[in-house]
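The first chain written gets the first letter, and so on, giving A, B, C, D, E and F; residue counts start at 1 in each chain.
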Amino acid sequence: MKKIEQLIRQRKWANGKLIQYNSQVFKAISELEKVTFRDGALPKKVKELIAVGISVVNNCESCMQWHISEAVKDGATEREILEAVEVAFEMGIGPAVVNGRFALEVMDELFKKSPE
Amino acid sequence: MKKIEQLIRQRKWANGKLIQYNSQVFKAISELEKVTFRDGALPKKVKELIAVGISVVNNCESCMQWHISEAVKDGATEREILEAVEVAFEMGIGPAVVNGRFALEVMDELFKKSPE
Amino acid sequence: MKKIEQLIRQRKWANGKLIQYNSQVFKAISELEKVTFRDGALPKKVKELIAVGISVVNNCESCMQWHISEAVKDGATEREILEAVEVAFEMGIGPAVVNGRFALEVMDELFKKSPE
Amino acid sequence: MKKIEQLIRQRKWANGKLIQYNSQVFKAISELEKVTFRDGALPKKVKELIAVGISVVNNCESCMQWHISEAVKDGATEREILEAVEVAFEMGIGPAVVNGRFALEVMDELFKKSPE
Amino acid sequence: MKKIEQLIRQRKWANGKLIQYNSQVFKAISELEKVTFRDGALPKKVKELIAVGISVVNNCESCMQWHISEAVKDGATEREILEAVEVAFEMGIGPAVVNGRFALEVMDELFKKSPE
Amino acid sequence: MKKIEQLIRQRKWANGKLIQYNSQVFKAISELEKVTFRDGALPKKVKELIAVGISVVNNCESCMQWHISEAVKDGATEREILEAVEVAFEMGIGPAVVNGRFALEVMDELFKKSPE
């Protein structure tokens, strides 16, 4: 797929640019990434699946491409990745429902009676 | 409800402060608000219901409080407001599902076979 | 427009893929969509206009394409859709202004005097 | 903790209200939640950990409270939950870095020379 | 770069369309923009750099293109723009870390003991 | 103000907890913060003002409290902070307007005629 190749090329170019700038901020981010995604109490594979779910919610295509690839390298099956994506689908609705609770409270205050 | 009163008091205080600062930006925002929420091709009530839906998705409690109150003043019923909130619930999931399409493409590329 | 066609094609492909996976999560999402967008206290057209406003705020192009098309099928005029989009423009600023209230409180605490 | 109890009470109240309204949208959301969080290719515990990570990124406190509790019921240890939270920390920076790539491209275009 | 030219062309087309619609909302937004980005206590250049940082966090490519160009016109150097982008990188992580504090509180409640 | 004190206390508690966990991820984040907010091509004060603007857009109250305080320590005046907040107000509307451009394209396609 052309889009995937483009993402990979763009990532390489931008990272190269940041190294060329000798960006200390980029160096600290790279260190942060390294210490996050390594086996710990959770195996790296599970961490990558968490990252896949977050990438979908964040709509970060470059992150999806990266963390799905990493999850596959770590042995994740197609069905396991699908289920991480499905959790992200469900979680998309979570904040809306939670935020909506306050709307219900405002309505309750304004209508001060049992629902129609 | 105490939270609602607090929101209203905080809004009044902050708006008063911005007027005290003689903020031209705040003045332009007030003008923007005024020209947006008036009867047009859509009646103000429908615009307020659109704003209720957006407030839930944005998790802006002060906006929910304001636009639900305005919608009620414009004649919206409890059930109509509920349905605007329900659209927001459903729309919470929309971007996650749309974003997830790219995850499916990456998976398709990596597994290059029919689903397990 | 090529982009619109691409969105439609990508949506069909991804939905087909999720059906092929026999995703129960996708089935539940489809049911959710169906029960949300039907005539109720609010006509479907108004619900679609609420969804158009939310799509703009969410920057969900696929959602914009879908809900604008549905609104048009339900009889929405160009001017009505424009006004739903305008509400979304205005609401973009809402959360920033509301969030900024806390910044004003922090400033008030730190400067503890009338504005300069 | 008082805040946690409040969240739980608010969730119960709001869900009760939605049932009282006989909201078909809420019913479909409940079904969606049920089919998402059950053992599949991934055990429910891993799905809950993915949801914990997403809750942090989404700043959904009610979701954090729920999914951390569920993860603990499913046997997750404190350290495992911490690592899910740590992935969310790292992923917070992901989109900013990815978005920033375009800023680098614009700079490249404008300065059309090697970095200073 | 083709993408930058496309953004500029799309912006011109959309603005032209909104003027053609005689959108009062668009007029108010233009006024808002004008009063915001002018020399004040902060020089316009610094305001443009703040806008660059926000554009990266918001993933608004059209905004990045515009505000970087404006900053350059106002005399910003490549290194100054880079540092505004770097602040945005760092700030991407801020909300995740702050949100995660509540996750730590929930964990504290559930494990009610010193960390493992 | 009680809320500000609470934020500060919560931040201290959470940071202490993360240190107690010996979180390597938290250490990397602290390093990242340190290298970002120091004098460079831009003085630290300007970086703090950029961070104030981003905090408002991100609705990160703890970040607002921190970066406004830091900006004041670095010599920022009340009016300078206000103007950073005003830029954030204006930028709230930016993405909505940019996202809305696609809505205009879809409308253009569907109505294929000059505006009503």
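What we mean here is this: contacts are C-beta pairs under 8 Å (C-beta built on N, C-alpha and C of every residue); 3 or more make two chains touch, one makes a residue touch a chain.
Just so we're clear, the structure is a prediction, and the values are computed from it rather than from any experiment.
Enquirer: Both chain B and chain E are touched by which chains?
Expert: A, C, D, F
Enquirer: Report which interface contains more C-beta contacts, comparing A-E against E-F.
Expert: If we tally the contacting C-beta pairs, E-F comes out ahead.
Enquirer: Report back the single chain whose CA centre is most distant from the CA centre of chain E.
Expert: D
Enquirer: Among all other chains, pick the one whose mean CA position is farthest from the mean CA position of chain B.
Expert: The chain farthest from chain B, judged by C-alpha centres, is A.
Enquirer: Averaged over CA atoms, how far is the centre of chain B from the centre of chain C? Could you give it in whole Å?
Expert: 9
Enquirer: Please compute the C-alpha centroid of chain D, do the same for chain E, then give the distance between them in whole Å.
Expert: Averaging C-alpha atoms per chain gives centres 24 Å apart.
Enquirer: Measuring from the mean C-alpha position of chain A to the mean C-alpha position of chain F, what distance in angstrom results?
Expert: Chain centres of chain A and chain F, defined by C-alpha means, are spaced 20 Å apart.
Enquirer: Where does chain A touch two or more other chains at once, residue-wise?
Expert: 21, 25, 29, 32, 36, 52, 55, 57-59, 61, 77, 79, 82, 86, 88-91, 93-95, 97, 100, 104-105, 108, 115
Enquirer: By the document's touch definition, which label belongs to this structure's chain graph: line, ring, star, complete, or other?
Expert: Topology of the interface graph: complete, with all chain pairs in contact.
Enquirer: Residue numbers of chain E touching chain A in their complex, please.
Expert: Those residues of chain E that touch chain A are 82, 86, 89-90, 93.
Enquirer: Of all residues in chain E, which touch chain D in the complex?
Expert: 1, 3-4, 52, 55-59, 61, 64-65, 68-69, 72, 77-79, 81-82, 85, 88-97, 99-100, 102-111, 115-116
Enquirer: Within the complex, which stretch of chain B touches chain E?
Expert: Counting only chain B, the residues touching chain E are 24-25, 27-29, 31-32, 35-36.
Enquirer: Touching residues of chain F toward chain D in the complex: what are they?
Expert: Interface residues on chain F, with respect to chain D: 21, 23, 25-26, 29, 32.
Enquirer: Hey, which residues of chain B end up touching chain C in the complex?
Expert: 10-11, 13-14, 17-18, 20-21, 29, 32-33, 36-37, 40-42, 46-47, 49-55, 57-63, 77, 79-80, 82-84, 86-91, 93-95, 97-98, 100-101, 104-105, 108, 114-115
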